[in-house]
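As written, the chains take the letters A, B, C, D and E, and residue 1 is the first residue of each chain.
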Amino acid sequence: MDLDSLIVLAPLIAMTVTAVTLMLAIAIRRNYFLVNGIAGFGIVLSLLLIGPAWHKSSLQAIPLLNIDHYALFFVALLLLAGLAVLGLCHDYFKQREGENEELPLLLLTALLGGSVLAASSHFAAMFLGLEILSISLFTLIGYPVNRPRPLEAAIKYLVLSGVSSAFLLMGIALLYAESGELDFIGIEDFIDAHRPLNFVMLSGVILIAAGLGFKLSLAPFHLWTPDVYEGSPAPVTAFIATVSKGAVFVLLLRLWVTTGSYRYAPLLTVFSFIAMFSILVGNLQALLQKNIKRLLAYSSIAHMGYLLVALIAGASIARPLVIESAAFYLVAYFITTIGAFGVVSVLSTPQQEAGDVTILRGLFWRRPWLAGTFTLMLLSLAGIPLTAGFIGKFYVFTSGADGRLWSLLASVIIGSGLGLYYYVRIIVEMSMNSSEEVMSESTPKSREWLSTVILAALSLLLVWFGILPGHLIDRIQSIAISMR
Amino acid sequence: MSAIPAEMGLMLSGLLFVLGLIGVLARRNLIMILMSLEVMLNATGLAFIVAGSKWGQADGQILFLLVLTLAAAEVGIGLGLALQIFHRFKTLDADSINQMQG
Amino acid sequence: MNAEVSPAANLLPLIIYFGAILLITAAMLGGAYLLGQRHRAQAADEPFESGIVPTGDVHIRFSVHFFLMAIFFVIFDMETVFLFAWSVAVKQAGWMGFFEASMFIGILIATLIYLAAIGALDWRTRRQRRDAPVNRP
Amino acid sequence: MNAELGQASDIVGILASVIFVAAMLIWVERRLLAIWQDRLGPNRVGPLGLMQVAADMIKMFFKEDWIPPFADKGVFVLAPTIVFITMLLGFAVIPFTPGIGIIDFNFGLLYFLALSSLSVYSVVLAGYASNNKYSLLGGLRAAAQTVSYEVFMGISIMGVVMQSGTFNLREIVEAQRGCWFVVPQFFGFIIFLIAVIAESRRAPLDLPEAEQELVAGFHTEYSGMKFGMFFVGEYVAIILSSAIIATLFFGGWLGPWLPPLVWFCLKTGIGVVFFILIRGALPRPRYDQLMAFGWKILLPAGLLNLVATGAVVLASSG
Amino acid sequence: MILSALIAVLAVGGFAAWISERWHPNAPRWTAIATLALEALLAASQFSGNHAAETPLPGRSAAWLAEVDLPWIPRFGIGFHLATDGLSQLLIALTILLGSMAASCSWTEIGKRTGFFYFNLLACLAGTVGVFLAVDLFLFFLFWEVMIIPMYFLISIWGHENRTYAAIKFVIFTQVSSLLMLLSIIVLVLVNYHRSGAFSFDYFALLNVPLAPDLADWLMLGFLIAFTVKLPAVPFHTWLPDAHTQAPTGGSVILAGVLLKTGAYGLLRFVIPLFPDAAHRFAPIAMTLGAVSVLYAAMMAYAQSDIKRLVAYTSVSHMGFVLLGVFSWNLLAIQGAVVTMLAHGLSAGALFMVAGFLQQRLHSREFGDMGGLWQAVPRLSSFMLFFVMATLGLPGLGNFVGEFLVLLGAFKVNPIVTSVAAFALILAPVYALVIIQKACHGPWQNRQPLTDCGFRELASLGVLVFVSVWLGLHPQSVLDVSAPALRQTVLYLNAREP
């Protein structure tokens, strides 16, 4: 390992060092603001270090990690998301009793895991990243231990995530037994040499798909999602929905593209069914929900389905377009989801987690800016123009149409229609006249200025990328082309 | 271990894996579920060892160590959560903990 | 190990040794069972609690520290495994490996400091802690 | 592979002598303690009370083989055999002399560590199966103590492994031709010594069975031969620990003039006597002190020792 | 640049209206009026500056009068490309007129959150103007969607009792259908991309893409469904009665007067030029749908007891004429369709205004609560009578001209369907009479006296009467403006026909 590799790895190292520093800082003195400050500083530092890494990033730093532009772009995205979530957490947990200093620490380790995942080019790294991420998430979800819901969510997530990890590992083991390779590139060579898909390989790949499907909450494996979303503290939910899923998707995309799994037609069929299923099930179930977080959970299932459409389209369209579509969609999805859960987080009080839709009634007239932000986020989720979500959906449509996936596109359209119904229903709820007793509720504004800043920034980004996506597209295009 | 064919080892680990999965699905006690989870993870560990020895590489064993670490971490947090759950719900029965539905 | 000798043959002495130990154990227990006297008395069938009549349930609630200790053990024991691997290969791994291992150990020690600071390693009861607050690290 | 190892004579000889010595230790310990405490000790049965062991043995065989009706019977019987068997099994890898020993195992040290951790089952199961509050608490204490010190034990001897570059106990002995490892690995030795005492739950670290608090801890409900197994198991553990210490830190069979076997027995014997001396000399710490000491001092010390050793090994190997 | 200003003024005015509520609750109203006045000035200067084919754009056919073309998302060849021809000019003029009407009739009706109301109103108008101007398909789609959301807010916040249901239905119908259109656009672009190697969403670049017949059919269908939903034609019309009925008066006016026209505009601007062959194959079905709409909606109108609902069904009926005309494939019928669009915008808008004024006074839209209005509010009733007559196609008013031209043109192509549609000329008086009879005649049964039209109402309705009469008496002025554009459309048809 020489200096160059060190530079390339610097963002990850910075995160690790920050995490350890945080731990020691807590050991010396518990101070919520200090700890949050250090964490924020660490994330910003990592973000800054991405700059030098970007110029050196053509090399495979260590055998396990391939820190190319693709990885760095997503690491940056994850870090930014982490920063936003950290801000939301700061306001959310400020008022809550208990020792909340460890939260940023866990957030950092989870981010580290996600970043490793985004950069991994080897099953061992992938496994490590995934587990660092998941294990941090267990604790993050169950962080408010004195409330039953988070506990329930945490144990559910733990068990199901454990099962999915086991699936994933078994799949990797089977692949390894068959090919003798744990490297993505090695697997590609293997696939090159032995075209037919035998039983062991197939079961291995299916198990891996199931394992990743769990983490992405794709349809037959989605059962944990609503409960976990509902039970987790709102900022943590934002984290799960974005960083965790995003990192896994980034990995899935790299796995597919580098190993050339597109060659196996049966896999495409399986994935198509998963995508269709996710879109339909997610949207249909979301129709029935009365709880915002559950609703967003089902909607995120559907969104993962949309993303998968872009992935599947890769079988027959140019590779850069696939990566471009997925990347833009992810960016839009990140902004939107964090924004939406950010609003939920701001609405939550230490006494009561914002959940039921009725809590939104009349929000437009009580807190117009908050309601406006939420509306914007919902419109973006629904894919209405002038928001980033629309450009994302446009990308999905383009790649799907280019790949001639008509049935999938049909389900995307049906899903969007259904989606519109429940998104709009929330907007309706917000624009209803609220009863007077709710009106009189005090709105302590000063305590959540950080959340306000974050939400404002997210809204601006959302509209900016919706109206002038050119810059982002250029950047994404360059990473899409640079990926081997 | 060259005396034992790799297929047998894989089958054994597959069997353990399925047993663990059945345990996770069928058991109602949280501790039992966690234990079944461990069985699943260890089954994958076995599969790695078998695969590694089939190719004569150390990679399988290294991954086995990683799997063990994961299992340890998972069970650590899992038991911690189980303790809190028992403290709060006065039970470890998975069905009575399941309050969120829909 | 010698590659030509099959593992089973290699382990043969150990297996015989194990068999012998089992035999001895069985002989000791079996002999005692056969030779031992029998008697019945009412008090003998009660759990021993320093000579008084046992009270309460056996399933007492015990300190959460036992539990913490179990978790720490599981985690730290796993970490030592990695150190074991480094120990045998310390020369092959070279200085690079040394730095990596030092980082690993550094993080472990940082964790220990953290655990000590939050009081997770403090077994004293609340009363003991109150009586001797100076001792607190 | 050393073809001389693992002969039938080795197996029988080792087994017999270990059990014999362990039994004799009952007498030795009582005599020695008595001497240090300025009293007589067992001296009625046979010359110097030497036949005391035989008498105890016979007594045990004829005592009632009592299994409490409230106990979990299968586990209750199983528990004492575990410690007995695992400790005896530990001798399989001990390199008595270049030609004596049961097996030459490449991972001998790991094997020893594995067996010594298995012995914790014995106390936990005994505590659980007895269905007695004292037993349960004792068992838990024992478990916590044993597993904690196991971590430090493993780490403390890794310095030795580093210097010799192997887990094979025979090669470790050979590596000490120049200098006994007790010199460069003095810290490791101290940690290991403490860990071993805690591991075998000997006084002064016998908190799990501290009679003032817990009657007799996990073996409160045991009597007769099953109690005897715990009892003998403990002595076997002492011998095993001494043998390992001799092997790892004091050059095993190495030594001038005398034959290897004698050297080995001598070193082991000194170790055993030292253990007994410690029991007689030191007071028992409080349980929280014991645990805190382990985690807060021994573990970091062990880790630092490891780092330092690594640096030294690397520096000296160029 | 005036073209971009046309959109920007409305958008900025909308925000200004929203913010101005802070100082005075009345300020948004004046801001809206001022914005619309400015918009009218801009439009007038734009349209008078280059009249009817005198200044053709270089490289474009004669019909195009002005354009703005800025790069926007170069990755996909998307540009901010606006252009105008006679057709869009007419529709923009209609939009501005009805926008002012909507602003005026909301003056007293909307008491709460006026800022946000006028913001939505103006935003919706901005979107509509954008739709009429955009010649980049991506941009068109964008404006198409943008005009829906404010309208949704208008209905769901200020609407009547059943507003939530109506608003959601409206959004879902229009959105899902527009997604089909988006898909068609993308596929069309991709076909062009694979042929030429460059992405382009430009209308002019996509005009001459050769398509396989069945692909063309599917793509055309995607556009057609989006436009017929908006139009609406019969199978897709069910959102309209709900939306119109539940919307506040201003919303109804915009919805009926302007938004429906975007569907017809889309047919003329996109469906026929982009897919002439496919459209031609589809023409008989479309005409049948048109005829069915005409008749079915007229019959439904007859059965209504809610005045706004009745007017809503008459809209469907009139839009059936438009569909019929557009697919009749000759200049006469298409001209008729355009005139019908304008005339219907005026008459239906006015009727919704009347209905709104009545509701403000009676707090009901049911005919059962009316009757005898002649005595109570004579001026309002006479306006009502006038516009009902306009709706049923009284000669001398705009609707008559439009329907007559459509039937005339369509008869040449498909006599049977045309004859069936002509039945509507009989049905229309029937429902018209229903309105007059139930609402105006009979005894003034009840209750407190009502105030008749105020100056504001009088002025607004008066303007509409004037324009309507002018359209009926001097349709040639309108026909002249739209002729070059429509002739171009017909040219596409004839060029492609085998």
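Of note:
FYI, a contact is a pair of C-beta atoms (placed from the backbone, for glycine too) under 8 Å apart; a residue touches a chain by one contact, two chains touch by 3 or more.
Note that the structure is a prediction, hence the values are computed from the model and not measured.
Under the contact definition stated at the top, the chains bordering both subunit A and subunit C are B. Annotation for subunit B: without this chain, the others remain one piece by the touch definition.
Separation of subunit C from subunit E in touch steps, taking the shortest path, is 2. Each chain gets a centre from its C-alpha atoms; the one nearest the centre of all protein C-alpha atoms is A. Per-pair tallies of C-beta contacts place C-D first. Using CA-based centroids throughout, the chain positioned farthest away from subunit A is D.
Among the remaining chains, E is positioned farthest from subunit B, on the basis of C-alpha centroids.
In this assembly, the C-alpha centroid of subunit B lies 64 Å from the C-alpha centroid of subunit E. Per-chain Cα centroids separate subunit A from subunit B by 26 Å.
Computed from the mean C-alpha positions, the centre of subunit A lies at a distance of 42 Å from the centre of subunit E.
Separating the centre of subunit C from that of subunit D, both taken as means of CA atoms, is a distance of 14 Å. Counting partner chains per residue, subunit B has residues 73 touching two or more of them.
Chain contacts: subunit C has residues 70, 77, 116 touching two or more partner chains. Multi-chain contact residues, meaning those touching two or more other chains, do not occur anywhere in subunit E.
Every pair of chains meeting the touch criterion is listed here: A-B, A-C, A-E, B-C, C-D.
Considering their complex, residues 1, 20, 23-24, 26-28 of subunit A touch subunit C.
Contact residues on subunit A toward subunit E in their complex (touch as defined above): 365, 379, 382, 384-386, 390, 394, 397-398, 401-402, 409, 413-414, 416-417, 420-421, 424-425, 427-428, 431, 468-470, 473-474, 477. Looking at the complex, you find that subunit A touches subunit B at residues 123-124, 127-128, 131, 135, 138-139, 142, 145-146, 148-149, 151-155, 158-159, 162-163, 165-166, 169-170, 172-174, 176-177, 180, 182, 200, 226-227, 230-231, 288-291, 294.
Only residues 72-76, 113, 138, 141-142, 145-146, 149, 152-153, 156-157, 164, 167-168, 171-172, 175-176, 179-180, 182-183, 186-187, 190 of subunit E touch subunit A when the two sit together in their complex. Within the complex, the subunit B residues that touch subunit C are 1, 3, 65, 68-69, 72-73, 75-76, 79-80, 83.
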